[in-house]
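As written, the chain order gives the labels A, B and C, with residue 1 at the start of each chain.
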């Protein structure tokens, strides 16, 4: 156990790191100070607050060294597959192969924030006609051009259909620039008609059996692509083992979420939880290490909960957060304003649910892919948000709109209305650009107002009839 | 007879008509305001107009919405809870090069059939469907044949009227004077009723639309039906003509659009392309720069907001045509 | 016991001095906002104190609110304008269930319970369309004083359709409309309707009456009517609408003192 849990600055981490080393902290090969990432260009770290545990340090280091891992994988002769607009399906298949590493190029959307625009990725996207009317994921285009943030994958696979227009258009632009893409169709999930066979999906959703069969066929097509790519067969046995490993990650995250979101005192800050949850999508390019990182983090959190220790005030307002935030600093800001995260829906809630292991693997993966919140209706998504808000006992819901994202414009309204009418708790919608410094006072006012309102409601417990 | 309204070119007119219902691919009015909670910034004006239109309907009509883009899919979701008209959401696959995508489209048309039967329609026999398809094919051929004798606007309006009413009355269209100007292609998503003014603006500037590549225009006319396949089994032929041959920007990959445009540009001696796109329409927006890089002819990017103010568009078109002349 | 509320808004600073025992306003003042938030707030506060014949030491508690609230060093604490406006309006119009506040930089819609406590609220996004700043821009573009904009709008025969959701696009629309020969009257009426429509969009589907309109923009003629049309229900303007935030802040200060006393 480190000293008392708290959020500390980068500067404080410098000294803290020395103390931890002196106290015998053991680190993985990618370990080291957080400061070195700043020296490599991750300037945003200078303004963030971090958890002070060695487990959190390992998590950050794991996240910020993904590029090194990818380059090492290539040097070692492994093949790299970029799985785009895919929040947790094809990576599970790819990691079932011995010589393949999957990664998530869409993750480049955080680079402009982390590097405080110093990398010029938006400028490249602008020059390709993908301007700020698009979601920040447009940074990915620039990253492909510069090759400075990840090696160009040997194979690109991208889902299309019931996805957001932004990403689909950006991926098409990439394709138009000469990057071959294997497209696969994910249809809009619909409610089964009365005369159709109904299939239950992870997360409490349902779809017609015909849609599940369609997705399974699409995934079978990808299985063939991956087999040819890797030069080895991808049989059901290997897939089942891959699903079991993915589920191990998901189970660790489920426990971490349950503990963190329901503990009396918040045991882990929002930022570290966000990064941990993101690992479910693509394992930060190393599935085995993801499991180790999460195990250590979970040990830390368990210890804190048992010791009744927390990183925030005891009266922090319990907030459910919807959508990933473009500027990481805003997660800190919510906590500075007196909030804590108790529940999240970052558009990949299906990647946190266990993949059914009692089904043939391709059937299980198809069901899981169809449970993606993006492919269903906003009403479905709102229903899950309401259920999870209740489950984690959140007192308010915060919807973080992604600038330019095609789904956010109408989805926020539907989610907010659902929360208001079903849960009768405050809902706030904010829009967060990749660097929010210039609008920080405005954001602070809104977040403080949400906290004030929620605290006032604690006293009265009275909402209108 | 119940009217089935829709805006997508991937909803086959013949399929609705063969069920004994009235198909109408409507022309929206973009200036109509949405009466319910207005979506926040970021919603494309066409999707907003579609919501407004759907809200104005009674249960005398039914709506078929489609999933070509996220915005229209979500507009359909808003309407499903608010409109008095029954709504069907047709899943149009984005991918098109695989047999699974084709099969999905066919199964969606079958589901649409069941919806129409629930509305009071009757599933057609092979013969009935063949007859309807032949009738519509003949009307389309008549319209296509008149292209050279009609002004750009008249030709596009005739197509739109055919989609709306299922008729090819070209007498009024033929009365419109023919302009001779710089040959241009007009490309982009759907037009609304008010937006046909763009043809006049182009002619006033000294240009002439010889290729209407908007979603409202000839780009989205399905190919002529193959008689042999039609008589063998009309339904797969119907699905293939619509799903297999209409080029569009939303398709993945959308190489078919560029292939089509390349051929038509050469055939019609096109000297410039006007790419007209709605604000917040990511699908067409993302094509602007690519088209500029790809096209041998200059490309004008014309964005359209909620406003119907034409002075801005007029000055851009004038500059563009002036440059070409 | 004296308490004070200072509302350091984006366009103006407002100060209310309150006799906390009587819940009566003793004095109030308003001044333009500038670059040096703290010194401007302090200057106005001292002016108000002087007018009331009071001294700084006699003020038991000061609450600052508004966009620049954290810059007001004289304040004992800060509270957001959402809570303060709700408190101020509830004091003046106790049965208010919905509060619309349009200020220089923000527009807000607050839903109150019967005790006047905010149970939900919505605010404009980053864009300035739908705020006082937008009206100022329009007034400048139409070459009229801000206060005269309402008079101009009242003469409109056919309000122009300003439908852009973004201030920059809306300005482009206005320029286009002027170039197309649309009258200034119709543009002014269109702008008011557009701002009201944005507020209505924040209201969603459930709006509990009575609705009270407050904030600086409530003083501009014609805006209330436009809001009524957009919301589809009567709207009343809070007394001294520009001051409700500062009043709410002063009331909260007095409540905090009372709570302190009871402990």
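Simple rule for what comes next: a contact is a pair of C-beta atoms (placed from the backbone, for glycine too) under 8 Å apart; a residue touches a chain by one contact, two chains touch by 3 or more.
Owing to the predicted nature of the structure, the values given are computational and were not obtained by experimental measurement.
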- How short can a chain-to-chain path be from chain A to chain B, counted in steps between touching chains? 1
- Query: Any idea whether B-C or A-C has more C-beta pairs in contact?
  - Reply: A-C
- Most widely separated chain from chain B, with each centre as the mean of CA atoms: C
- Message: On a C-alpha centroid basis, what's the spacing between chain A and chain B, in Å?
- Response: 37
- chain B and chain C, separation of their C-alpha mean positions in angstrom: 46
- Query: Which whole number of Å gives the spacing of the CA centres of chain A and chain C?
  - Reply: 38
- By residue number and range, which residues of chain C touch two or more other chains? 125, 204-205
- Shared-interface residues of chain B (touching two or more other chains) are 37, 39-42, 279
- Note on the structure: chain A touches at least 2 other chains through residues 401, 413, 417, 429
- Query: Touching chain A in the complex: which residues of chain C?
  - Reply: 67-68, 70, 79-83, 97, 105-106, 111-115, 117-123, 125-126, 204-206, 208
- Query: Inside the complex, what are the residues of chain A that reach chain C?
  - Reply: 401, 413, 416-417, 420-421, 424-431, 433, 439, 441-442, 445-446, 448-449, 452-453, 456-457, 459-460, 462-464
- Message: So in the complex, the part of chain C that touches chain B is made up of which residues?
- Response: 125, 127, 161-166, 169, 172-173, 176-177, 179-180, 197-198, 200-201, 203-205
- Task: Report the residues of chain B in contact with chain A in the complex, numbered from low to high.
- Result: 37, 39-43, 67, 69-71, 73-75, 77-78, 81, 89, 91, 93-95, 98, 100-101, 103-104, 107, 111, 114, 250, 252-254, 279-283, 285-290, 292, 294
- Query: So in the complex, which bits of chain A are touching chain B?
  - Reply: 127-130, 133-134, 158, 160-166, 168-173, 175-176, 181, 183-185, 187-188, 190, 193, 195, 210, 214, 217-218, 221, 377-379, 401, 404-414, 417, 429
